[in-house]
Amino acid sequence: MLYSDKVMDHFEHPRNVGEIENADGVGQVGNPKCGDIMKMYLKIDGDVITDVKFKTFGCGSAIATSSMATEMIKGKTIAEAMTLTNAAVAEALDGLPAHKMHCSVLAEEAIKAALADYYQKKGEPVPESLKLPCDCEEGHCCSSCG
Amino acid sequence: MLYSDKVMDHFEHPRNVGEIENADGVGQVGNPKCGDIMKMYLKIDGDVITDVKFKTFGCGSAIATSSMATEMIKGKTIAEAMTLTNAAVAEALDGLPAHKMHCSVLAEEAIKAALADYYQKKGEPVPESLKLPCDCEEGHCCSSCG
Amino acid sequence: MSEKFVYADHAATTAVTDTALAAMLPHFTRDYGNPSSLYRFAQEGKTHLEEARAQVAACLNAKPEEVYFTSGGTEADNWALRGVAELMALKGKKTGHIITTAIEHHAILHTAQWLEKQGYEVTYLPVDGDGLVDPANLEQAIRPDTILISVMAANNEIGTIQPIAEIGAIARAHKVLFHTDAVQAVGHIPVDVEAWNVDLLSLSGHKFGGPKGIGALYMKKPLRLPALIQGGGQEKGRRSGTENVPGAVGMAAALKEAVDHLAQESARLAALRDKLIAGLSALPYTRLTGHPVKRLPGTASFVFEGVEGEALLLHLDAKGICASSGSACSSASLDPSHVLLSIGLPHAIAHGSLRLSLGAENTEEDVDYILKEVPAVVAYLREMSPVWDKEAQKPTWEL
Amino acid sequence: MSEKFVYADHAATTAVTDTALAAMLPHFTRDYGNPSSLYRFAQEGKTHLEEARAQVAACLNAKPEEVYFTSGGTEADNWALRGVAELMALKGKKTGHIITTAIEHHAILHTAQWLEKQGYEVTYLPVDGDGLVDPANLEQAIRPDTILISVMAANNEIGTIQPIAEIGAIARAHKVLFHTDAVQAVGHIPVDVEAWNVDLLSLSGHKFGGPKGIGALYMKKPLRLPALIQGGGQEKGRRSGTENVPGAVGMAAALKEAVDHLAQESARLAALRDKLIAGLSALPYTRLTGHPVKRLPGTASFVFEGVEGEALLLHLDAKGICASSGSACSSASLDPSHVLLSIGLPHAIAHGSLRLSLGAENTEEDVDYILKEVPAVVAYLREMSPVWDKEAQKPTWEL
């Protein structure tokens, strides 16, 4: 099988799909050109992520990693969410095929983008670790988005 | 099947195998190097070939063409035997695979060699048409012998 | 998994038909001799091999001695291109120009690219929005040093059928060798190497009910390409290796069966296909890909804006529907299909493709089931897509 | 034809075993998906393909990812030689030197000759009277520009087994890539790519109870030869073409079966073989060809002076005995076997060869039957041979 049972479960029954109205942080990464776009919505109370939703345009692992990543940060503190790595998401899904690892990177980055937005909205400086390493340019798909 | 039923019949039940003691003409063509040697023995009475025998070292079609060729000249006049072509032998056998046609050439030449020997033994000049076109040299197999 | 099972991916591969399997079976355990062996037991296998060759030839309007068995369509494609290049090199033309199209299968494209590295120049002809090559365009591309034209008979992703006879006539007029990759055409539409004026044609057994691992290259007499695979001298020295007798026999039986029923079966499939096309292209922001009429009888292909193909396929799989997106073999690739880009689709949309390819066992009921499930999955995925505007029911992008 | 039927040509090809056929059958009609497709139905086939790869690897002491499926031994041989040449060319070495032997199968020899035409230099090592390569001789032939050594594991005509581990050690010491054509060895003698120190190894399914049309090339990690056949990117991009799942699964099942029973079965066959050798080499003016001990367990091969091989085979066929002379594939050739000439036999004698190769279904009764019939046919053919002196019971030639 291409995907683990865990991946298929999160793909077929994705957790936390949707939008949050008046979210405290919203981040979108990816590029339609590359076939993967993730959008994360965070509700933050104090320093706790009380709710999280996502919308994803992408392949099976893009949807599954979005779902898993939202589960992994829900109810966690911002500090905890900031330490979430793509490897941890992939591991929680019992692994991803090599050529699909970029999807987990995308999930990590979507969360970071949403947190960065949260800081920006609050007018606070964005922590260095939330800055994305790469920005998708027209015409090519960088490793993190496709 | 590689060979026609006719070829197989003459191979499995070759006609006129053997030697003729005190034959009037004996001819041998071919070369052990090339894997085909035919030896023809003729008994000639007046200008009629009253008996013919052969011995052949060679493949299935070499044996079958020897057998068929002897049948085709037995009881015939020398003049008739001299007109026997390899194509006629092959045709009488319902054809030969392309890469085995040289065997029928060998049969034609064996008869010619035996007839030439007959003229020589009689001390008469060998007719031009009985001279073989090619002599097997050491080290290579010419088209007529393998 | 769903109770329902609808296999709608016949362009990827087909089941071996009962007729084909029955023809093959004796050659595994009973009549298994090596056709190159001398004894009668093996010569019987040889006889069946030659009967298979004659059957395949008859289905193409070719002569038996013009059909060379290969391990599949890919090998036939590789052989055709590299073989022509090598033949010309043997004649003193060490480089040259090849014309093909931008929408060929990778078996052609990658071989052409390999030849480019060896110093050949390759023109990849564009196609129009329906996936058609323009023969006038092709004729203009011909140069004095053009050694080969290779244009596929029918496209594997979008089903478009090229004007092969027209292109063949042009190639003949310019005395340029002409190859067609007919892997998707053979057994599905009438194929006639004489009428088409092709010198070389590739086909693959498992695309029409034969087994995998067998195919053929047709070579018009007296053309004889140098071997790509050399050895014991089988296939008149052009393709060595102990002959795959069961494969050849199974392929021939399947092809004969397909061709015998072609008119009837292709009409039946075209009706089902057109029902699929009518039903699915009615969805909003959905397009049929490939030519609306000049297309393979069983193939319906689409793009759905705002939906990603793999996710679509996986959901259909859960419903028991087997389908594909782009071509099966490049499923591990991240890039959208070169074919869909060539017909002018923007990248974002090219990611949302679906190919449904029908075959013998598909029924109208299957089509109705697909017509029920695909719209539901498309709606569901759009619902969760950040590039779909739920209120306006249209994509968020302007393309 | 005779009532009796003794198939003694297992080196030419074998029947597919029941186990192998049972493994294959589901993949024709039920589990027929294209392994590159995404849906579960097809991924099951993919799983079986990967299981087959692991099984084949285990039988060679290799890693699964080192096994690449091909269409047979011939393709594997062609790929190994051309692939190494192309790999080196990509690294900047546009020409180079290759070492092989004079007794290789034509799949190697013709490819080597082709490479010579492309500018490579090839050394064809001689063998001794038993068909053995001298490793010291091989070591001396290595040059700074040697890119590949290719020595067959076991010869198909005379059964001689080469000292592959010894040669492998030399190749490794000199850092030269080493390929072995193990088509006749795999499934018949223990094969261990690690102990042998080989980088590349060819095998072919139908030589050990698997089907025709499938084989494999083992490539030691991290060696990755460029593809000979390019396209959809199957086999990690090294060998494209829709995977022959039934073929791979059948080959793997047969190989596992053969290797599981190797010790026992090879001892049984060796005993039968030795009985054949004892019986037939006792005939006058008859010689065993190949090494008396270092030989394949099932293969007994001879030359009979004054007898021509094809005639011998045809008469044996009439008695129900299937055997071969020289190698099957070159049966259309007029030249005597290059192998028999290489072991020093004069042309005339080389024409009189017989290879009997035993397999699973052969019994002692079969051997006794062969021992009865072969001498009779030899005597009959000598009787009608102009190069046999009836009185003296010896050939007329002095060699």
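A, B, C and D are the chain letters, set down in written order, and residue numbers restart from 1 in every chain.
Following the convention adopted for this analysis, a residue touches a chain if its C-beta (ideal position, glycine included) is under 8 Å from a C-beta of that chain, and two chains touch if they have at least 3 such contacts.
Small disclaimer: the values here were computed from a predicted structure and weren't measured.
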Review point. Would you say B-C or A-C is joined by more C-beta pairs in contact?
Key: A-C
Review point. Taking each chain's centre as the mean of its CA atoms, how far is chain C from chain D in angstrom?
Key: 34
Point to revise | chain A and chain B, separation of their C-alpha mean positions in angstrom | key: 89
Review point. How many angstrom between the C-alpha centroids of chain C and chain A?
Key: 39
Practice item. Mind checking the centre-to-centre distance between chain B and chain C? Centres are C-alpha means, answer in whole Å. Key: 55
Check your understanding: Which residues does chain C have that touch at least 2 chains other than itself?
Key -> 38, 40, 310, 314, 332-333
**Study point:** For chain B, residues contacting two or more additional chains
**Key:** none
Review point. Which chains touch which?
Key: A-C, A-D, B-C, B-D, C-D
Check your understanding: Across the complex, what residues on chain D touch chain C?
Key -> 1, 5, 7, 9, 12-16, 18, 21, 24, 28-30, 32-34, 36-42, 70-75, 77-78, 105-107, 110-111, 114, 204, 206, 211-214, 228-234, 240-247, 310, 313-314, 316-317, 322-325, 327-333
Study note, to complete from the structure: Given the complex, residues on chain B that touch chain D span 8, 11-12, 14, 17-18, 28, 32-39, 55-60, 62-63, 97, 99, 102, 141, 146
**Study point:** In the complex, chain C residues that touch chain B
**Key:** 38, 40, 43, 47
Study note, to complete from the structure: chain D partner, complex, touching residues on chain A are 1-2
Study note, to complete from the structure: Residue positions on chain D within touch of chain B in the complex are 306-311, 314-315, 318, 332-336, 346-348, 351, 384-388, 397
